[in-house]
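Here chain A shows up in two complexes: once beside chain B, once beside chain C.
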Partner chain A sequence: MMDKSIKELHELLINNKVSSDDLVKEALAKSHTLQEKCNAFVTILDDAKGVSVNDNLLSGIPYGIKDNYSTKGILTTGSSNTLKDYVPFFTATAVKNLEKCGAVPVNKTALDEFGMGGTGTTCHTGNVLNPWNQKRMCGGSSSGSACAVSAGVYPYALGSDTGDSIRKPAAYCGIVGYKPTYGMISRYGLFPFASSLDHCGVLTRRVEDAAIVVDAMKGKDKKDLTSFDSSNIHLLDSLDGNVSGKKLFYIKEIVDFANYPNIDDTLKKHLDNYFKTLDNLKSLGVTIDSVSIDKTLLQAIPSVYVCLSCAEATSNMSNLTGIIFGPRGKGDNVMEIIKDHRTKGFSTLIKRRFVIGSYILQKENQEKYFVNAQRVRRLIVDKMKELFKEYDGLILPVGTGPAPYIDGSVDHVNNSDTSILEEHLQIGNFGGFPSITIPNGFVDNLPVGINITGNCYDDANILNIAYALEGTMNYKGQIAKEGTNE
Partner chain B sequence: MSNYKAVIGLEMHCELKSNSKVFSPAKNGYSEIPNFNISEIDMAFPGILPSVNKESVRSAIMASLVLNCKVPEYMYFDRKNYYYPDLPKGYQITQMHDPVGTNGKILIDMDGYTKEVLIHDIHLEEDSASLDHYIDASLIDYNRAGVPLLELVTEPCFNNAEEAVAFLEYMRLVYKYLGISDADTKMGQIRCDVNVSIMDYDAKELGTKVEIKNVNSFQNVKDAINYEIKRQSELKDEGRYSEVEQETRRFDEETLTTVRMRNKVDAIDYKYFVEPNIPKYKITNEWIEEIKKSIPMLPRERKQKYINEYGLSEYDTNIIIKNKEYADYFEECLNLGMDAKTSANYLIVNIIAYLNKFNMELKDFFLKPKYLKEIIDELIKGNISSKQAKEIFNKALDENKEPKEFISKENSQISDVNELNNIIDTILNNNQSQIELYKNGRSNIFDYFVGQVMKETRGKANPTIVKEILNDKLKN
Partner chain C sequence: MRKFTKEMVDSYADKLLIGLTEEENKLVLDEFDIIDKNMELITKIPNISEVPPMTHTLDDFTYELREDEYEESINIDDALANSDSTEGRQIKVPNVVEVSKK
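Then we have the complex of A and B:
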């Protein structure tokens, strides 16, 4: 059942072909099976029960919640030892909005600690493994959500995205990952990583499902001053698949083969595959132009991201002291107690980022690193907005290929030839742009993704283009098939 | 007291009145019960976001305007990052880059001269939790966490403790007049940081600045400044001025001295950056104009008006302006057409004394100006004596009834000349022998006649008129 779309499940539910309880039981059973194989969850909500079904498309249907959304009465850890036993007493607005629709959460999914990471290997519950191939990672930080949706535990799971944390794992797991315009979904109750870059969003197997879920999650929230009124935006209703006359662009400096003189076989296949898919769009009447952007500006993207995200993260996570909540540290005075809590609680990766963030924010370094990073962010966003005047969106491949091996994984705060290709999704966070990844077939028998990013508030248009493109391929609704040869 | 010129700057933190806290919907109010007025936001549980209290922003803009500061085009906030157990988020939301007011000035009256105080800036921020320290533990009360706090920073423009304290007292009064704070030092609603340096009178550069943190009463501000001037001057006298370090000290109430907390090397880098969760908010000219209109006349302007226009003494004026309620009461009396001096006199001698006696506030006082007018009108017309006026005043207060209910025909003063003539004639006719004695020089018999009239009228005869009539009649 759980391989079906939200609309299909809804039809079955309202026609009494299946009960909400049946779906919940199936989702729970699948959760346990997947947990054994891939370690996707922090908590499986075994007490979850079906609900009475109403006209709302989401009512009675199970889903997963990334474990950095605060859920009242349900353990919420951020996949961190600093909150390993923390049970919140309030629920994130986005989850509340789904609650109102009658959606049924069945598990809390693992993530890179507090969303800081892109591998799914820094969760306090251990590595999350890719359901297509368990030697591979899911990517992150919405690792567990991507894993579970891909494995067919339920039709959708919530994610959050600060750099590419929804859109990259979606690609690695062969599913859809969508983060709407900044402020469309309230962040109240989402554990913060970098407030100016953090987005709520969703992982699904169909563009249509992403539209349905975000329609339900979104809305202005008086508890989040950065949220906006999107009552005029109806995502599901906007999906008509008619994209003739739309204009997209790609950035030459990112995808042109000329940029990669020492290209390896995988990357070559990945780019070939990408360009082949562009032809599908062209056949629908979409124009796709190659646009050139100053390479220096593009190369700055990963550094700008590191500067801003680490700086904000350092401050955002200063509430984790073990004084009010979290395990109390040991020490003779309060500063020692805080130090002990943080030293023991955080993974090495996070501590490294805190050091970077602190350094960047120091009085003597702020102008050089933090303020300059903000300036470059502005330049990049301005450049994109200028292009969005002419184009509906930017279309690029996700990453340099399929999911990397877990044992070879490194924290990708680093630099290399392919760094822009690897990190360009961060543009979507810099500008708060709506951005969606959909499956784009396979490279080396593993799924890869393609991403479309558009201008703020133009979510309906971007989703519709993704919807049309999805319709030209056979990956819609695909479930991870195990045992791909390697 | 010192051979050197003292240079003093102040930071004055004042808690603002509001329904809810500055960045959370929890109640802004004092509670005996710890951790009673709190929400998840005040305790920084993971996932919380601030929402800005517009009322507090309005109060801050009002204070900024009164201090003649420049109000920025956009309101936004900064994070001040540091670890301390009273700071649940690990950062304080405050204003550093673009405070709600900058470059202001305000005049205050000193004994014999007017002082212009220069304002560096004024900004809106959140208060921290309060800590109670015990021998082996400290307790945290989050009731205060997130209470709106207005921090006013002056330029180093004061030259002695008296000026500094006069400014603090005047600002406390101004905040009360604006209605934006109760400004109660006993409740810890005002806390000050003081910085003090000394220099030779002919020196061009300021001396080494020493900061004294968290001084919580005006008396302590005064003592701390004076102690610090003395300490620094003595070191300078002894040629040991280099021992005065740029450092942070605290005031010790027991010994009335200042004690070192940390020096400049240990100074905290607060790593300020713009709070990303609060978008810039445009302060429109319309809003500023609307706020300007709601600013009441301030104590210093009222003082000048009372003295110059209404002819009150400075002494009386000072009593009235000390409390905005008194000043408003007084002005309402004037609006009702009452005499300024009589109203002021009644306010000071009777009303304020009554309030003090019963420890009451004027807003709870029953005799509003319109009722007081009923009494004073009759007093001025001569219909009642001042003794009677006082009695009516008390009765009206005892019974919470309008004074006019006690100003009836029966107990009102008899000032009718014809009626008094008749009464006096009867008395004189019945006391012929006494008239003889009076005319033979026993002048004290006059008072006997007055007494007889009073006895006859049960004290209601207007004594002035009685005396006039008696004088006339006895001359013949």
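Then we have the complex of A and C:
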């Protein structure tokens, strides 16, 4: 049953062909099977029960929650040893909104520690493995959510996205990942990583399901002053697949073959596949232009992200002391206790980010790095907004190909020619732009993704273009099949 | 010559009350020159100092003051439940004010 869409499941539920309890049992059984194979979860909620079904499309249907969303009475760790036993006494607004619809959470999914990673290899519960090929990563940080949706545990799971943490794992797992405009979904109860870049969102197997879920999650929240009233935005109702006359662009400094004189076979196939898919959109009446952007500006994107995210994270994580919550450290005084807690609790890779953040925030570096990064952020966002006056959206391939191998995949600093191609989704976080990844077929027998990003508040338009493109391909609703690729 | 030293890396970590093992220090130190070089890219944008820093994600963001409303505050027992050391209605820590030794 869990391979079906939300609408299909709803139809079955209201016609009493299946009960909510049946669906929950199936999702729990699949959770345990997947846990054995891919280690996707921090907690499986074995006590979850079905609910009585109402007219709401989400009622009675199981789903997963990334373990950085606070859930009252349910272990919420952020996949960190610093919070390994933490049980919140309140629930994140986004989860509460789904609760009101009658949605049934069945597990908490593993993530890169506090969302600070892109591999799924820094979770305190161990590596999350890709259901298409267990030697490969799911990407991150919404690793467990992508893994579970791709494996068919349920039709959707919640994610969060600070750099590309929904949209990259979605690509690596062959599913849909959507982060709406910044502030459309309240961040109250989401563990903060870099507050000016953090977005809530969802991973699904269909664009339509992403629209249904975000319609339910969104809304102004007095507990998040950056949330806005989106009651005039109706995502599901806006999906008609009519995109004739729409205009998209790509950035030639990112995707032109000329940028990669020593291109490897995988990247060549990835870019070929991407350009082939653009033809699908053109056949629907969409115009797609090649646009040039100053390469110096583009090359600064990963650095701007590193500066802002590490600096903001340094501040956000200062409440992790082990005093009020988290395992108490050892020491003769409060400072020693806190240091012991943080030294033992944080993984190596998150410590690296903190050290970078600390360096950036040294008095002598603040103007040079932190404030200048904020300035470059504005230049990048202004350039995109200028283009969005003429175009409906930006369309680019996700990353440099399919999911990398887990072995030897330490979250290294990327210093290669392909760093902009690998990191360009961060533009969506800089501007708070709505951004959606959908499956775009296979390279080396593994899934790859394509991404569409548009202007703030234009979510319905962006989703509709993704919906139309999805309809031209055969990957809608696909479930991971273990591949033969080694 | 390297711009960064083991001691500098330890000092940046220590300011955040984080200790690094020898291996962790080496991991950061080995990459720090590249990280720093990459961040230098930011300063190479022409006339960058004239651009106003972007501090909010949405440029039409406005603060809204809302009415003061009475709400139930957090239940003390709930708030204490996640702490490993409590006493009565309080979280217990060692003396913060050091007692002078005479």
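Brief remarks on what is shown
Note that in this section the second predicted complex is superposed on the first by the 482 of 486 C-alpha atoms of A that agree within 3 Å, B and C clash if a C-alpha of one lies under 4 Å from a C-alpha of the other, contacts with A are read in each partner's own complex, and residues count from 1 in each chain.
Convention: contacts are C-beta pairs under 8 Å (C-beta built on N, C-alpha and C of every residue); 3 or more make two chains touch, one makes a residue touch a chain.
Note that the structure is predicted; figures quoted are calculated from it, not measured.
For chain A, the partner touching the most residues, choosing from chain B and chain C, is C.
Touch criterion met: A:K363 reaches chain B, while chain C stays clear of it. When both complexes are overlaid on chain A, the residue A:K223 reaches chain B alone and has no touch with chain C. Contacts of A:I338 after superposition on the shared chain: both chain B and chain C are touched. In the superposition on chain A, A:T296 makes contact with chain C only, while chain B stays out of contact range. By the touch criterion defined above, A:E312 reaches chain B but does not reach chain C. When the two structures are aligned on the shared chain, A:N97 is found in touch with neither chain B nor chain C. Touch criterion met: A:P192 reaches chain B, while chain C stays clear of it. Judged by the touch definition given at the top, the superposed model places A:I323 against both chain B and chain C.
In the superposition on chain A, contact is made by A:F354 with chain C only, not with chain B. The interface of chain A with chain B overlaps its interface with chain C at residues 86, 89, 196, 222, 225-226, 314, 318, 323-325, 334-335, 338, 358, 362. Taken together, the chain A residues at the contact with chain B in this complex read 68-70, 76, 78, 83, 86, 88-90, 92, 187-192, 194-196, 222-226, 311-312, 314-315, 317-321, 323-325, 334-335, 338, 358, 361-363, 366, 370. Listed in rising order, the residues of chain C touching chain A in the complex are 9, 12-13, 15-20, 23-24, 27-28, 31-32, 34-35, 38-39, 41-45, 48-49, 51-59, 61, 63-64, 66, 74-75, 78-79, 81-85, 91, 93-96, 98.
Those residues of chain A that touch chain C in the shared complex are 85-87, 89, 181-183, 196-197, 222, 225-226, 228, 296-297, 299-300, 302-304, 306-307, 314, 318, 322-328, 331-335, 337-340, 342-343, 346, 348, 351-352, 354-360, 362, 368-369, 371-379, 381, 412-413, 415, 429-432, 456. The touching residues of chain B, counted against chain A in their complex, run 40, 43-52, 79, 81, 83, 85, 88-91, 138, 140, 269, 271, 273, 276-279.
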